[in-house]
Amino acid sequence: MPKKVVSIIVFPGSNCDRDLNIAVQKYMNVNTKLVWHDDPSIPNQEMIFIPGGFSFGDYLRSGALATKSPSIKEVIRLSKKGVPIIGICNGFQILTECKLLDGALIDNHKRLFICKESFIKIENKNTSFTQNIKKNVVKFPIAHAQGRFYTSEGNLKSLEDNNQIVFKYSSMNGKTGKSENPNGSINNIAGITNKNKNILGLMPHPERAVEFKENNDGVCFFKGLQNLL
Amino acid sequence: MTKITQSLISEHGISNDEFNLIREILQREPNLLELGIFSVMWSEHCSYKSTKKWLKTLPTKGEKVICGPGENAGIIDVGDDDAIVFKMESHNHPSFIEPYQGAATGVGGIMRDIFTMGARPIANLNSLRFGSPKHPKTRNLLSGVVKGIGDYGNCVGIPTVGGECNFHESYNNNILVNAMCIGLVKKNKIFYSIAKGIGNPLIYVGAKTGRDGIHGATMASAQFDDDSEESRPQVQVGDPFMEKLLLESCQELMKQDAIIAIQDMGAAGLTSSSFEMASKGSCGVKLFLDKVPCREEKMTPYEMMLSETQERMLMVVKPSKKKNTLRIFKKWGLEAAEIGVITQTGNMEIFFNNSLVGKLPIKPLADASPEYDRPSKKPRKKFKKENHKSVSIKSALLKIISSPNHSSKSWIYNQYDRSVMCDTYFSSEQSDSAVIRIHNSNKAIAVTCDCNPIYCNSEPMLGAQIGVAESWRNLIASGADPIAITDNLNFGNPEKEEIMYQIKEAIKGIKIACESLNYPVVSGNVSLYNETKNKSIFPTPVIGGVGLIKNISQSKGLKMKDGDNIFIVGNSFGHLELSEFNRICNKNHGRPPPLDLNEEKKNGAFVRKFIKNHNSIVTGCHDISEGGIIVALAELSIRNAKGLKIKIPSDVKNSIKWLFGEDQSRYLLIVNNENIIKEVARKERINLQKIAKVDGDKFCVIKKFEISVKKLIKYNNKWFDNFIEK
Amino acid sequence: MIYRVYINFKKGILDPEAEAIKKTIDNMGYNTVKRISKGKFFDIEISSSKNTLKDLEKISSDLLSNPIIENFRIIKK
Amino acid sequence: MIYRVYINFKKGILDPEAEAIKKTIDNMGYNTVKRISKGKFFDIEISSSKNTLKDLEKISSDLLSNPIIENFRIIKK
């Protein structure tokens, strides 16, 4: 059987597209198609990734300018048909900016870019994105300046009620207190899905945790996605 | 037309002798445009007129050197058709005026130097010097510079993996921001800046030209309108997004066999890029300035030739590939234009509105650029009276590790994306040098930058040698074979004899150390006139070293495991002059520790070989530098959150000297088997001593004192946060 | 014609930059400054048409601001 | 009293953000937008004293703006 093909949208300022591409091919056992942001059609619709980076230099608000790219219009259309969509870091920011995911990602509470290894608790293991991850806590690098997840109290409640919160910043043992919160996100939120659970956005970078055996928790994330295809 | 007056000449920084030379070359008076061009081409920055004579003495050749100084960056061979391109460059003055933009554009500039050669940047480093933390400007400068460096590299997607950051009052009004970039290229895909091919088009690409950075002195002409003061910003604003577009589009274009020569527009913008390319190719150029994409209205030829707008490139392409070239740039949303053509005349002919507005012979202008042998004199040392303090071992250690220069730099490096590109094996807080895997391979390179200005200020030659040796040692400690360096020479005013002395001595020191260690200089940068109100910075020749690790599993970091033993390699004499310890006691005078380059080589070769042959025994490795043995050990404890039991050898007479002495050429090797290393050291006649064992959660110097590692970490972490949050 | 679009954070959203500036001002010794908040503006030159205001509304709500966190206001200059 | 301090880039300084936004607006199909420039403002609540304006001048030039690349203007709200 020929390998399935998943799409990765590439913006001029994407800078995690190469790394994501490698991780997806290697651990999901699929082929990939890189879709230039200007392209109004996305032929391979098994699954769509929006990678990290600075799509348009992060000008205005990170992710804002990207929402006007033709490919994102197509992503929005396909999302309604249930196509699985995953946005990582800037991809998450783009998904919130085009309202496919709830909330907004704003300046970290200390105003500084943060890059470090971060423990992430899998808050909801019952999504198709996470059901195959065996560990309760994984270690993924984070690297962002606008990663503070914000949403209104009402929306937060509905995120909770619908089990849409998937990842939280935590300690090694899964504690999710204030001191484990790197950027001031509401309730330590690091990743959420939409109501329908076909769209996932997360700030941490699983694709940066696959290369060296010292930290390869990303492998289980990508392997676990195979069942979505 | 503007008359060339005496004051206009001196405002352009051109001496009378130089002006006479200009007349001789042109066989006539220059016009304002031509004067402006001479002034930037013959500036210290472009012509290296005060240092050229001495820089020529540096060793630049070696079996692994593919390209030494002279091109945009140096290139070394790392095997399997892979080559590493690297260089360091300063952006000191702009960063003092506008720390965020100044530092950001510094990073942008050095990255362009790397990717013009066809390489993809794979790592950035930076070496920073700020004034005293007590100086009112220091805090803003620090946060602006670090944010500027981070934001730029992060946006382009190149990991910033290491560097150094020190504070000293000599930098109060002249901070140093030296940025280093390392790129990877296939040996047969290197691009140079040698213009060739009569009739070939000259393509401009990137940001539109504005009036950025046209220097104060050269603003003298009367042609500007009323609000010209405001419309000629001296500081350039960086656009990392534009840089990313340039990087990707150039990489795409470079796959297509279209480019004959390429050069970024750095200092002196269009002028230096066009002159240098033409001069290297011994050809002429016609420039049509009407075609230059401009951001502002009514720009004059003078402004266009001298603008330092960032994120621009110039290239000569094959005529048959012109259309395709423009198409690729368009895809990336970049402005590109054909602004000139290569000729055989050997002249630079500049046209504007269909008339010839400037005509200069290229070779003579480049070749005849002044070279000075400025007088130098050893300065007489002035001794200030000092009130010495006495301190205990414990409080000295705590003072050092919580001091600005030795506190944890996590506040800095956490602002840098170190994990993008997925090849950062060690960023520099994890190992003595940063270790970056060569993508898709099992090899890695190690990179580091080092300088000790306190040593250099006392004895520039020895201090510079120590800088070279320290970088060499850092590479060895990471498990690498050192290959070559880049240098960034930061000094005061070379027209002063004492400063010229420092410059000559420092260069001599680099030369001696590099020759001895077989560690050639492949690129570099000079930044002079770093002084304000007659107060010069300490001489700061920063060394950026690069080495190769053939098998990444042999790379070593600052790791240790419970039960490991720590050995010291090398001789400890207890040299305290100019040490961190003495500074804490308010003793600021003396000489740097002596450096025996043979000893350096011998110890380095031993460590190198031991890691190679007994990889599985060695848990980690660390060099001993500022603060001596005890600070090096404390760093290991802090990094691993593990305790140590340290035993001062019985033959040691003065434990303070032994613990804090800064003798050179020493390493700590952390091993899990003590017999083998002892045996090998004995055979090789290496001075080796076991001094500590990894154990428990206390940092303990037996019979002296102990402290919990938790506390040690707290001391080490607090300074930056307190300083910034204040 | 030039219009100015003002954008600021909705009430209740922590603005760390404004807080940090307030702190620095305190440290500088100005004890009269009570509160500080931050916003941005865009000056937009637009050739007049009958849709000008509608267009500006749309640009402001769709692109220049994010209604989840920000308010905007358009003013003719 | 509340004062507003406006800050914008000096003329001639490259503003890549404004350029990127302008390009996106063009791509969205609004061809009437000619030019766009950007700035920020701070609303400062300050208890009145005879030094108020002098203090604000100083805060604006020393902290809120960098006179090398930015202009500021203080207005009473």
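All chains are identified by letter, namely A, B, C and D, in their written order; residue positions are counted from 1 within each chain.
The criterion applied here is as follows: contacts are C-beta pairs under 8 Å (C-beta built on N, C-alpha and C of every residue); 3 or more make two chains touch, one makes a residue touch a chain.
Values in this document were obtained by computation on a predicted structure and should not be read as measured data.
In terms of C-beta pairs in contact, the better-connected of the chain pairs A-B and A-D is A-B. If you average the CA atoms of subunit B and of subunit D, the two centres end up 35 Å from each other.
Rounded to a whole number, the gap between the C-alpha centres of subunit B and subunit C is 40 angstrom. Shared contact sites, meaning residues of subunit D that touch two or more other chains, fall at 16, 20-21, 24, 28. Listed for subunit A are residues 56-57, 59-60, 65, 68, each touching two or more other chains.
Multi-chain contact residues of subunit B, defined as those touching 2 or more other chains: 239, 241-242, 333.
Chain pairs that touch one another, listed by label: A-B, A-C, A-D, B-D, C-D.
By the touch rule above, subunit D contacts subunit C in their complex via residues 6, 18, 21, 24-25, 28, 30, 32-49, 51-52, 55, 59, 62-64. Within the complex formed with subunit D, the subunit A residues making contact are 56-57, 59-60, 65, 68.
Residue ranges of subunit B in contact with subunit A, taken from their complex: 147, 150-151, 154-157, 239-242, 244-245, 248, 332-333, 413-423, 425, 437.
Those residues of subunit C that touch subunit A in the shared complex are 13-14, 16-17, 20, 63-64, 66, 68-69. On the side of subunit B, the complex with subunit D involves touching residues 97-98, 101, 207, 210-212, 227, 230-237, 239, 241-242, 295-296, 309-310, 333.
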